[in-house]
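Notes for the one structure printed next.
Chains here go by letter, A, B, C, D, E and F, matching the order in which they are written, and residues are numbered from 1 within each.
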Amino acid sequence: MPYVNIKLTREAQPITAEQKAAIIKGVTDLLVDVIDRGPATTVVVIDEIDTDNYGVGGETITVRRSQNK
Amino acid sequence: MPYVNIKLTREAQPITAEQKAAIIKGVTDLLVDVIDRGPATTVVVIDEIDTDNYGVGGETITVRRSQNK
Amino acid sequence: MPYVNIKLTREAQPITAEQKAAIIKGVTDLLVDVIDRGPATTVVVIDEIDTDNYGVGGETITVRRSQNK
Amino acid sequence: MPYVNIKLTREAQPITAEQKAAIIKGVTDLLVDVIDRGPATTVVVIDEIDTDNYGVGGETITVRRSQNK
Amino acid sequence: MPYVNIKLTREAQPITAEQKAAIIKGVTDLLVDVIDRGPATTVVVIDEIDTDNYGVGGETITVRRSQNK
Amino acid sequence: MPYVNIKLTREAQPITAEQKAAIIKGVTDLLVDVIDRGPATTVVVIDEIDTDNYGVGGETITVRRSQNK
């Protein structure tokens, strides 16, 4: 039954459908392993966010990438 | 005053503006009917998610659609 | 398959288990009626928020209640 | 350490990268000023929502804009 | 940099601090393994939800538990 | 019209009602200043999270506090 939302930036090298499937499978399995919840109704939603729209430490990821942070 | 967020997959048959308006009206009315909250400042946000980015039971909706789940 | 999150304030008159069940049933049915999605894996999560922690128009609900807004 | 999510409509006049950076900087600074939390790991995510997908008072922003609300 | 939110029900057998730490470590590692993102600024937030406030298939988890679903 | 959700840890020194009001006012004003949106229907929700339930860098805030991170 758990619900999981993952927010990631959309980068020059996009996340592939295979990687998304691996994340969804991996987090669903993790919740079964650690707390024995799910998996039939475990829901995972991945949001891909533009680097202008995601900030860490008061700066956008666009700026941080340009500074190699 | 309630806030509602609805996450749905973006499918081959897109959800129309009329359907979105009906969902927004319907959930706003529901909260007035059941708990008498709102409606003036009730906020509803609909997020449309790619089928590769939405997982149920450890599989993406893309895979589940291909298996008629 | 849709996922719905509803945020409501926790007021002096609490929302009952029956009202919560009616909201969960109502929004699940609404999504079946309008877009024929779900209902087996439709997930609805209700968050109850202290009135000090919910703001509208720049003021907390605590303040707005004291002003009969 | 705080996490902040901001949902805004995507309008005819788009929000610029500079405005997004100012929002991210502003809210990060606000949390340092008011509660002295962060800023190194403060995360801010801005979601831009179509006006058909954002409702207030039971109506979409598309409809409200057409009525000058 | 990713942000992860996990919503779980608060059950009779509570999730321990050790289990929460294992979930946070596990999902952070998963994102490094699959997409090489993070881990220094990866944020994970776990929300524990009353079983009256979490619905699947139009029913609360409270009701589903009483029916051994 | 914007919607803002802020997640903060619940610490030994709790965030006061005055600080919450200042955050709600501050972020509402920020969005008016930067993008001229709102403020009448701007909604801000503050979630306070246990330090066991909030992770950064693969560790809970409980652990990080004990290490003075």
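Throughout what follows, a contact is a pair of C-beta atoms (placed from the backbone, for glycine too) under 8 Å apart; a residue touches a chain by one contact, two chains touch by 3 or more.
Because the structure is a prediction, the values reported are computed rather than measured.
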Count of contact steps on the shortest path from chain C to chain D: 2
Chains partitioned by contact, chain C not counted: one piece
Same-interface partner of C-E, chosen from the options D-F, A-E or A-B, over half of the pairs matching: A-B
Fraction-based call for chain F against chain D, same above half, different below: same
Distance between chain centroids, defined by C-alpha means - chain C, chain F (Å): 20
Centroid spacing, where centroids are CA-atom means, of chain B and chain F in whole angstrom: 26
Distance from chain C to chain B - Cα centre to Cα centre, in angstrom: 14
Where chain E touches two or more other chains, by residue: 1, 3, 7, 41, 43, 45, 47, 54, 56-57
Touch-based graph of the chains, sorted into line, ring, star, complete or other: other
Pairwise chain contacts under the document criterion: A-B, A-C, A-D, A-E, B-C, B-D, B-F, C-E, C-F, D-E, D-F, E-F
Chain D-touching residues of chain E, taken from the complex the two chains share: 1, 3, 41, 43, 45
Interface residues, chain F side, partner chain E - complex: 7, 47, 49, 52-60, 62-63
Contacting residues of chain F [partner chain C, same complex]: 17, 20-21, 24-25, 28-29, 38-48
Residues on chain D engaged by chain F in the complex (per definition of touch): 1-9, 15, 19, 22-23, 26-27, 30-31, 33-35, 37, 41, 54, 56-57, 61
